[in-house]
Amino acid sequence: MNLKIRRAQNKMFEFLFILALSIAMLVLLVLLVQIVIDALPRLSMQFVTSFPSSEPSEAGIYPALIGTLYVIGIMTPIAFFIGTGAAIYLEEFSKKNALNSFIQLNIRTLAGVPSIVYGILGLTIFVRGAEFGASLISGAFTMTLLVLPIIIVAAQEAIRAVPRARREAALALGATKWQTVARAVLPSAVPGILTGMILAVSRAIGETAPLIMIGAFTFVAFLPESLTDSFTVLPIQFFNWIARPQDEYHELAASGILILLLVLISLNITAVWLRNKYQKRI
Amino acid sequence: MEKAIRIDGLNVYYETFHALKNIQIEALPARAITALIGPSGCGKSTFLRTINRMNDLVPGSRVDGKIIINGVDIYDQQVDVEALRKKIGMVFQQPNPFPKSIYDNIAFGPRLHGVTKKSELDEIVESSLRQAALWDEVKDKLKKMAYDISGGQQQRLCIARAIAVNPEILLMDEATSALDPISTIKIEELAQELKSKYTIIMVTHNMHQAARASDHTGFFLNGELVEFATTEQLFSNPGDERTESYITGRFG
Amino acid sequence: MEKAIRIDGLNVYYETFHALKNIQIEALPARAITALIGPSGCGKSTFLRTINRMNDLVPGSRVDGKIIINGVDIYDQQVDVEALRKKIGMVFQQPNPFPKSIYDNIAFGPRLHGVTKKSELDEIVESSLRQAALWDEVKDKLKKMAYDISGGQQQRLCIARAIAVNPEILLMDEATSALDPISTIKIEELAQELKSKYTIIMVTHNMHQAARASDHTGFFLNGELVEFATTEQLFSNPGDERTESYITGRFG
Amino acid sequence: MTERKEFDHGLQEIKTLLIAMGERVQWALEHAMDSLQTSNVEQAKLVFERDHEINLLERQIDDLGTQLILKQQPVAKDLRKILVGFRIAADLERMGDLARDIANVTVRLAGQPLIKPLIDLPAMAKFVHEMIHQAIDSYLREDIVLAESMAKSDDQVDALYSKVLRDLFALMSNESDSVNQAMLLCFVGRFIERIADHATNIGEGVVYLVKNQRSELN
Amino acid sequence: MTERKEFDHGLQEIKTLLIAMGERVQWALEHAMDSLQTSNVEQAKLVFERDHEINLLERQIDDLGTQLILKQQPVAKDLRKILVGFRIAADLERMGDLARDIANVTVRLAGQPLIKPLIDLPAMAKFVHEMIHQAIDSYLREDIVLAESMAKSDDQVDALYSKVLRDLFALMSNESDSVNQAMLLCFVGRFIERIADHATNIGEGVVYLVKNQRSELN
Amino acid sequence: MMQEQGIEMFKDKRKSIMNWLMPKLLFLCALVSIGTTVGIVWTLFGETVAFFKQVTVFDFITGTQWTPLIDPRSYGVLPLLLGTFQVTLIACLFAFPIGIASAIYLSEYAPNRVRKVVKPILEVLAGIPTIVLGYFALFFVTPQLQKIFDTMGIFNALSAGICVGIMIIPMISSLSEDAMNAVPKKLREGAFALGATRFEVATQIVFPAALSGIIASFVLAFSRAIGETMIVTVSAGATPKIDINPLDSIQTMTAYIVQVITGDAAHGTIEYQTVYAVGMTLFIITFLLNIVALLIARRYREEY
């Protein structure tokens, strides 16, 4: 092929690639714009602090917001400790045997199991089996199981990215295995683990289907007071509103979505910032 | 010569691969620099890492025979591996400071072993850095990240870190091969100074470095220790033909 | 001496950093080996990569001055970069075969430039591998992945790959620094043989390699070309004190 | 086994130069002695004139060896081969000078008839001629045995030298006219004896090369 | 600037040894001449006996230099410093031998009274004594000017040598008894002249060291 | 000062119990994941078995009618499967080309600054809750498409598919970009140095080298699309039928599960058990796909 043609080919495809990327970006833009347009009429402080109501002009997201915060608040520490612990075990202490490679494979595939299946699991185990009912704790536990693989995988990757050399350095100074992990490996892996946590939390905030499965789909007009109280979360509230025919409700949904998106985007930005800050260092 | 290291019938296997074959060294001299040379894969690193039992960490590796340091066989059941490693510092091919401040890098080892008093740590940090000929270059930035200094300085930092736990032996596995020639010379000179206090064993794939910087040299080939002699002897009149063809570059 | 390369007032900047300062070489000789030495960061690689305009790929880099090859300034607007690079082969520090078969690695370049006939490709592959002194070692496994051969062989494969597009100049950027001493010697000998057909320019941080393997040597320091002379001259009687202190290891 | 082509090639060149040097020295010695015996001043002058060739060869060896050390950083025997090569070249160069000194005697005698037919001096020269050959050969072949046996000849040369001196001293006291000539012939004896010493030096070099030990062969 | 401690240290040692060698050679020359003038056989024997010290020093320099090349792979001037050091040591060793040869003459004369008071030979020796000092100094200081001026003295030594030969030849034809002694004194002249040549060689080495160019200083 | 010279090398009994205890605790953490899988399989399995006591596996798999909630009841899962795959296929057709092209652009053409900004933005797209995309499908995409296809229903496979596609674009672009980015710079330089253009480098060197990662990202994205729930629940409809017209309303497996759960089927009834049977089907399909993706990704790992 002669050079001119090769050059032209190069240019043409560059254009096509940019085009594709622009489409993706455009979709995001359209989505945001659409939601902002829908949301603006309803957005107010009162919207955040009110209970849902059959009167769209008075309805708000207060209990859903609190429910979401509770679920996240319960889930995060549990998931963090179990997830990081599992990751440390797999990366640092597990021997090469069938059980451990099965655990490894298992975690990877769990990450790909549809969330609704976790919902079924939560429904059977926590709601029915443990008789927690459609309560906060059922929701938080279900979410914990759902995000665990994400956290474990992220933490494993963060731990694995710590160079072998650093472990050897500590061991060669006479550190025990645990000292090596705790003092030389984990400090370097923390940013990566945190990034994974943030992504997991933002995933959990947006998840709808599993909570629907465990029965959080109720019109809740009060705040949960104990772990076993029933609750709702933001996405379910939106689902509820979307399902109604009146446009007012759709605007309510859009307003809620906008708030949710703002929270998620700021979480994501934090994660990206963390990653960029520590990427070079590791 | 005080307490040399004695190696007695040392064999190392990786699974079924026989990586070191019946290594025998009457006396690997203390307070001197011993260089280990040989073609890639001949077992130099393996040998070095058996001395501080870092090879214990390699799954499937197996050691048999004796390494006697201070009259104790370090592969004895009774031996505490961590205490052993504390006594035997190690410096690696790539400088590998922890992502901490220069100060904390040096203090890492002492802290592990229970030193907590600030004044004591300060003292250790200063004296280690001085010994590693790095104090003057970093004394004003002890709180800075260890990555913010050059590669050669990082390697000296790693030496200081090893020194900080007061070892008797220093192992260096191609410690200069990632460095530029000038940093390399600095590290070699540092080793010359340190040998009055430490027994130094260095693996190098650079024969000229072995010739330049060591007092004794061991030549490994296919897991065997072909020859162990003074550096002068080995490089001017090797006893074994294989050594001769290797050092004169006629090997392959 | 036929068509040497002429460098005229070459300056290279990275953003605001002045990486090469007014480099001037009357005649970088053809059909000979030129070595470039100097401390880390002095601009050797930068210089090498301006010759085939690989530095165009570095964002923020800027070149000014002339590099005249075969009477043409390669930084002229009219010059076709891809065609230029075809004429100037390059071998890198780390062997970098493509994840393809040995055959396809060599055939990659010729195919790019329009050779499609199988018989023609076969011929190019064989002759390139022969020139790179690799044919006998790989002729029975041309279909195997290029990763399945040793590092030294991979590096010769990369040389063969560069040769396959029939270049006039071969650039080598520390092409042996990742190899063991024996592979290193093999590559140096290969370079000696290739210089009858190609102009070879090699960057090396190993002074002894420059002394051993080159006909001319250039010494860079802080972006300046301090001295350019025959290797014999430079290593036995350097014209500049800075060169002398560098080659005798008295530099810091 | 890889080779070290560059190095081996350079070393070969040094050897070739040494062989050439040895031949030149032999030639010089032969012709110097010949000129002396036949009172051939022209021939002597030829020896004289061609001495610079030997000097040149020594420099070439020096330069080549230095470059080889510089470029190839040889160790062990490889290094000794070059260093011993330097020594041999220096010895050969001295031998060349000594041959020239002999030729010089021919010139100084300026065609006067010899006071006595030369017997022992040519005999010495013949020994020495052979020693030069053997010395270089022992280096090329790294043959200690040859080096040692060659050095043995030195004793014979020394014995002959003593005899030459004695004879000439006897001659001098009798025929005072020829004192001058006898004196010069003594010098010739001394020169030849020195050449043998230098050959012996070469032999010592060979022993050092092979065994890395100093020895005294004479 | 970093230093090359190891190398510089080794080189310093070589220099120290060369200085010591130079002093020994000067001592040997002085005492050999003294023994000749005073017909002191004991003193001559002392020179004889202590020659091996000079030989030993040469070997030490050789070994040290070889190790230094082996271990440090010096280039450029650093390498030349060692190679020239070898040469100087070899020259000094030869000078020592020549001093011993002079002492040998004293022994051969075995106490017979001198046929004439020695004037020119001691004068030569004095020149040469100074030359040795200057030769080594010029190496230590890498001082070409000194090397060249030192080499100039060689001409004076040569001139004296010619005179010595002429005088002695004249003497011989007159007093045939003393022929033997005159003959030996000629040799002494020759020996001193050779020492001067070797000193000149050192000067040439210094020029090579500094300029990396061969030169002929005599 | 420090300990005196020549400290003992013999075992120190007082050494921290942490070194002994921690690995065991951490192992328990790792077991949670096994527990989860066992829990899922056991949960699904129990009710699924109960279900198959009433309906044969054959009828379930080959039946073409899915009417478990209304008479005449029929339990053929094919309509749900078909609905699911229809949405998934649309999503992939939409997302694969855009995703891969974006990835190539970002990894091979984009200046560093652009990449640094664009990649996180795309990842934001990945973090958008699916309920939001469901909303978008229903209230934006469908109305827009209706302007073009006037036969399009309010609930339809096409809008749902497109929005599922939007959801998986960032997954493809991001994972593929990672895979291409992991191709060492030295390979690119090798090709550039032979005179290749950027396009040739991208397609002939980088793409093949990253192929396993790219394929793995496809498979993962595919399985995500299959398991996606809220978008389809909100926008694809609730009418299980064998119909390949993308403009019509359909129902997916996930949407069916939500429908039953939000309805009033009582625990223990066969209607209720259908949820588990469908869930099991979904689980098996996605589980297998994930394993395939893993195997592909692992097979070529660190080949360059």
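Here the chain labels run A, B, C, D, E and F in written order, and each chain numbers its own residues starting at 1.
One rule holds for everything that comes next: a residue touches a chain if its C-beta (ideal position, glycine included) is under 8 Å from a C-beta of that chain, and two chains touch if they have at least 3 such contacts.
Everything numeric here is computed off the predicted structure, so don't read it as measured data.
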{"item": "Set of chains whose contacts include both subunit E and subunit A", "value": "B, C"}
{"item": "Classification of the subunit D:subunit E interface as same or different, half of numbers criterion", "value": "same"}
{"item": "Dominant interface by contact count, named by its two chains", "value": "A-F"}
{"item": "Between subunit D and subunit F, centroid-to-centroid distance (C-alpha), Å", "value": "91"}
{"item": "Centroid spacing, where centroids are CA-atom means, of subunit A and subunit C in whole angstrom", "value": "50"}
{"item": "Interchain centroid distance [CA atoms averaged], subunit C/subunit E, Å", "value": "53"}
{"item": "Subunit B residues counted as touching two or more neighbouring chains", "value": "82-84, 86-87, 113, 165, 182, 185-186, 207-208, 211, 235-236, 249, 251-252"}
{"item": "Shared-contact residues (touching 2 or more other chains) in subunit E", "value": "2, 4, 66, 70, 73, 75-76, 79-80"}
{"item": "Shared-contact residues (touching 2 or more other chains) in subunit F", "value": "15, 197, 200"}
{"item": "In the complex, subunit D residues that touch subunit C", "value": "2, 4-6, 66-67, 70-73"}
{"item": "Contacting residues of subunit C [partner subunit E, same complex]", "value": "207-208, 211, 235-238, 244-245, 247-252"}
{"item": "Sites on subunit A touched by subunit C in the complex", "value": "1-3, 6-7"}
{"item": "Residues of subunit B that touch subunit C when the two form their complex", "value": "39-40, 180-182, 185-186, 205-208, 249, 251-252"}
{"item": "Complex contact set, residues of subunit C against subunit A", "value": "80, 82-83, 114"}
